[in-house]
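Below: a set of structures, written as structure tokens.
In the two complexes below, subunit A is the common chain; its partner is subunit B in one and subunit C in the other.
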Partner chain A sequence: MRHFKLESLASKLNWRFAGISSVFALFLCTSLLAQVPTEYYKQNCVSCHTIGGGRLTGPDLKDLSKRQDREWLVNWLMDPEGILKSGDPYAVKMQKESRGAVMTRSPGMTKSLAIALLDLIDEESKLEKSQFAGSQISDRPLLQEDIDEGLALFMGSTKLKNGGPSCVSCHVVNSLDGLSGGRLGLNLTRAYARLEGRKGLSAWLISPPSKMMNPIYKKYPIDEEEILPLVAFLKNETEKDAPENTSAMINFLLFGIGGAVLLLVLFDLIWNKRFRAVREPMVKGN
Partner chain B sequence: MNENTFFDYLNLFWFTILPYVALFTFFIATIQRYRGEAFTYSSLSSQFLENKVHFWAMVPFHYGILTVLFGHLIGFLCPAELLAWNSEPIRLYIFEVTGFIAAIFTLVGLFNIIIRRTSNARIKMVTTTADWVVIAIIVFQVITGVYTAVFHSWGSSWFASSMAPYLWSIVQFSPEIAYVTPLPIMVKLHIISAFVIVTLFPFTRLVHVLVVPNPYLWRKPQVVRWYWNRKKIRTTSFKIDRK
Partner chain C sequence: MDVRSQISMVFHLDKCIGCHTCSIACKNIWTDRKGTEYMWWNNVETKPGTGYPTKWEDQEKYKGGWEVKNGNLKLKSTGKARIIPNIFHNPHQPSLDDYYEPWTYKYDELFTAPEGNDQPTAKPISMITGEPMDIKAGPNWDDDLSGSPIYAENDPNFDNLSEEQKAQMFAIERLVFFYFPRICNHCLNPACVASCPSGALHKRGEDGIVLVDQERCRGWRSCIPACPYKKTYYNWQTGKSEKCILCFPRIESGQAPACFHSCVGRIRYLGVLLYDADMIDEIAKLPDNELVEAQRRMILDPNDPEVIRAARENGVHDSVIESAQKSPIYKFVKEWGIALPPHIEYRTLPMLFYVPPMLPVMTSMDGDAKKNMIEGMFPDFDKARAPMEFLANLFSAGNTGVLKYTLKKQMAIRQYRRAVTVGDITMEAAKKMLLEADCSVEAAEEIYKLTTLCTFDDRFVIPPAHREEAIEMMKDPLEYKQQVGFGLREEPMRGA
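Moving on, here comes the complex of A and B:
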């Protein structure tokens, strides 16, 4: 009997060990995947930097190694905010050129990953046209049809091809009426201006660097054909620069409170003949 | 330890370790309690002691909380379908406003629960510390939820695209906390307190959720008279003498 119990305990421990090992194995796989510099670059760098495609929010990284020495660049990738705080003149100059935008430490950055990324940038710089030269978004004039299509994509009435959530889930633009858009993310009325036009905004939409959007759109990227209409819609919003719809939140609150009061009245009516008490009415009756 | 590493560890604790502690405690302790003290699986209703405020407390609270929980469950089980439903603004607004009305309803119920348990002498007598802990954590949960609904809308859509994958990653033993770590603080507190509720569940009257007497809806009425000490049976330490 004792032997059986011990055996059963051992079997339970094995299962636990297997469970814990699986969790660690999954963590390990995830972190190893993050180490592949090409994938890492796609997920974390392309929205602000091209290699040979010109400046976006951050500088063009072509021939980066010719501009700064390797040690400085590794340190920069490991802790950009720290170097900026130290007042490093080259970092301050870059920040000025980026109109004040601050590069943050990318998730999971290690010294070996930083070196691998710099090697990748060097290799890509040698090519006539790097795979990271930037998005191939058309330069054609934006039409009213593009704006309408962009509005439908923003609101979700046209689904994003790869299954990602529509912008209105988390974002608002001032021209929306009714209960307006989501308020988890930023107001996008001036996003076109903030990201410095078509190129910057397109790069952002192709691979959103925001911590909230990145894990979602990494799985369900916005299709290239959907970028231009969204850019057209957001450009139009920036140009219109409509005043903010401040009544949307108040209306939502009023709907909630009013609905709850109505429901309370309704419940009172439905259960009007509910059992209230036995003893109290008897005492009062006497 | 730099600031980033400190917050990384905090996030790891709240969104990876706590969920598993909560789920492990929930399953082990609920089963253990049912095997050892099945008769303590009860809502410990005090309706016989006071029935007027009880109506305005329990009815709004239960209708409200069940509606809100059902909304969360839809987001968890059918995220793609929920996003499809929300693709028309009017349908999104209907879903959100319905959930918000239910949340306000829950708050009204909770307010009356507190009034009833603090103002009625008989109800005070049968209220334990565990009851106050449950009330406090649920009040916190509902207030952070209402705040989220108003200031971080539209929760039904971003729940489907952020929270559902996170929760499924927990279920699949491959936690992906990147979905939740960038969320605003009130949303994070809402998630954390939900896991705290799951942890407390087996040790409080919340276990009545698992033994809802649905047959009451269709069985014939029956008269029940107790002949034991009412006050005594309402304490958690009460055990039936089997001699």
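Moving on, here comes the complex of A and C:
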């Protein structure tokens, strides 16, 4: 028995090693893949930066190397928060221009990747029109139909084409009534204003950079055709700027209590003939 | 023919004095641990009474045992589909209140109470919560008909009796009761085993003892509603179920189980029976009033060469067959037909049999004079103090025929012995009674001896356990031999 236990322990350990090494191998593979700088740029940078398309949340990166030397830029990419903390004057100035937004360290960043990215930016800067010159979202005026379609997409009554989760599962806007929306994510009533309008919001939606949304929508991106309606909807919300809907929370609570009561009634009906007590009613009954 | 051996028991209720020594012997050995305080693997009930747990015989409530549905045997409490929605809470379990809340007393207070005008008392303390409690019931709360307007009158065995019969039993001058000691019946068709979702309950192959594997039990508690006799219990400390193990460590070393060994009235008999396991399914489906006789058909004659051959083929050891030939149980149940199974209508085929009590004592007081109720040779059982239907509900699934047979035989033997020792009845009349009760003089002598003059060896014919054969099934005994020992220098690989 003891021998058996030792053996099984040993085999368990082997399995653990196998597990660790396979995770490690997987990690290696994904970081190698991410080193293709164009892909990496698309996934991690476009939501805040254009190349020759004007500033979004972050500055336009066209001719970046003319503004700052390469060593500084590599260090910046490796640890932007650290440099900001150290009080570097250029970094502080940039932060002010971005109205306080802080660039975070991008996932899987390495020195060689940083150099490759800077090379890419230089290459793209030389072109007349870079592929990263900003979103290809049309500038046409937003119509009521767009708003309606956006509402449908937001609420999930029209599903996102690529299978991503609908906004309402995590987000809420003030104008919704009934049970309103999810409370895991931010309240999006003023998202249009926060991301500085159509351009910034579109860029965000093409590749959402936030920690929670990035891994989800990397796999199931929002389709280009869906972005305009969503922007229209959120713009409309910002313009309406409705006060927060407090009745939704109460509704939700009441709904929960009602559901629980209903469930208990149902259980009681199903198990109506369950055993209750024998001795006590017998003694009391006499 | 699939011949197997089963350790079986007979309790002679006419001899039981209701002293609870058996219960205490069992309690001290097996259920004095935390989590088992409320369990009584052996308990003694007063009948009529509601027993322990309260009204355990009321299967409308407890859903114990089997029922025949569309020609198949089905458990009343559960099934393959029903077990899933009920797995986290079985809806038909007795609550702690239906057993009783176990308690002790705070004896400290007898010594440490401050001086005062009153005698100090020991307060009752719950053994579950440790808090002071009001004692509301106990495992033998209705002992000796105490509280009978509540307890005895609610005996489930009265359910199909007429009001007149009930009144007859409770008229104060005709009051009648007897004791009913109970342990696990180690049934041939155990409902607890069938209900277990983990496969922890099993019937031991070599002697039919029903056990709960404590390693495999997951505490689903299906066995608790399934057992119609309420003889499986849930240990709230270990989270596993436990039950009577028929003191198998004692049996394996040739000793009678503790409750048998300690029995003051010597009411308990133990021996091995050979039975045909192929017949279980067919017999368990028969109508109620055929069950007692059908179960006797399953029990095979251990002297029949054909049975011996089939038993050997099935791996029953010769010494077990020899033991079966000497079994007092075989005589009580099969040869003499005076021991009956309890509530066989639950269809678990219990292997504990009872010699029904001779309640209908045939005299009553008529003013100052003793009046003999016997007119003719045998008394009119229908005029007996306890209605025959009541006893038949308990011991023969309502079949009064087999019940009267046992009472008649006992009555005849009593009169025969009276003729031998007292002589106020003629031997000729006594022998005529025996003849009418289907009993030879030899059998009468033997029943008399086994009832009154029985020694340990007469009562307990314990088959050799042959643990070495059980080992052979799993590994080479010679190898095993090297692995056991004290291991002072080299640790033995015990339990490998």
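In this text, the second predicted complex is superposed on the first by the 236 of 286 C-alpha atoms of A that agree within 3 Å, B and C clash if a C-alpha of one lies under 4 Å from a C-alpha of the other, contacts with A are read in each partner's own complex, and residues count from 1 in each chain.
Assume a residue touches a chain if its C-beta (ideal position, glycine included) is under 8 Å from a C-beta of that chain, and two chains touch if they have at least 3 such contacts.
Owing to the predicted nature of the structure, the values given are computational and were not obtained by experimental measurement.
Student: So, A:N214: does it touch subunit B (first), subunit C (second), both, or neither?
Tutor: first
Student: Between subunit B (first) and subunit C (second), which, if any, makes contact with A:E239: first, second, both or neither?
Tutor: neither
Student: Looking at the overlay, what does A:W271 touch: subunit B (first), subunit C (second), both, or neither?
Tutor: In the superposition, A:W271 touches subunit B and subunit C alike.
Student: May I ask you to decide whether A:D69 touches subunit B, subunit C, both, or neither, giving the answer as first, second, both or neither?
Tutor: So A:D69 meets neither subunit B nor subunit C here.
Student: Identify the partner contact of A:D139: answer first if only subunit B is touched, second if only subunit C is, both if each is, neither if none is.
Tutor: So A:D139 meets neither subunit B nor subunit C here.
Student: With the two complexes superposed on chain A, say which partner A:E225 touches: subunit B (first), subunit C (second), both, or neither.
Tutor: Neither partner.
Student: Would you check which partner chain A:M249 touches, where first means subunit B only, second means subunit C only, and both and neither mean what they say?
Tutor: After superposition on chain A, A:M249 lies in contact with subunit B alone.
Student: Just checking: does A:P165 make contact with subunit B only, subunit C only, both, or neither of them? Give me first, second, both or neither.
Tutor: In the superposition, A:P165 contacts subunit B only.
Student: Residues of subunit A touched: more by subunit B or subunit C?
Tutor: Counting residues of subunit A touched by each partner, the higher count goes to B.
Student: Pick one for A:E128: touches subunit B only (first), subunit C only (second), both, or neither.
Tutor: Touch partners of A:E128: none, neither subunit B nor subunit C.
Student: Show me the subunit A residues, by the header's touch rule, that subunit B contacts in one structure and subunit C contacts in the other.
Tutor: In the superposed arrangement, which is not itself an observed complex, subunit A uses residues 271, 274-275, 277 for both subunit B and subunit C.
Student: Okay, in this complex, where on subunit C does subunit A touch?
Tutor: Subunit C residues touching subunit A: 50, 53-55, 58, 61-63, 85, 91-95, 97-98, 137, 149-150, 153-154, 225, 493, 495-496.
Student: Which stretch or stretches of subunit B touch subunit A in the complex?
Tutor: It is residues 4, 51-52, 55-56, 59-60, 63, 80, 83-84, 86-89, 92-93, 96-97, 100-101, 103-105, 108, 149-155, 157-158, 160-162, 165, 173-174, 176, 178-179, 181-184 of subunit B that touch subunit A.
Student: Could you pull out which subunit A residues touch subunit C in their complex?
Tutor: It is residues 1-3, 270-271, 273-275, 277-280, 282-283, 286 of subunit A that touch subunit C.
Student: Quick check on the complex: what are the subunit A residues that touch subunit B?
Tutor: By the definition above, subunit A touches subunit B via 19, 22-23, 26, 30, 105, 107, 155-157, 159, 163-166, 168-170, 178-179, 181-184, 210-212, 214-216, 219, 249, 252-253, 255-257, 259-260, 263-264, 267, 271, 274-277.
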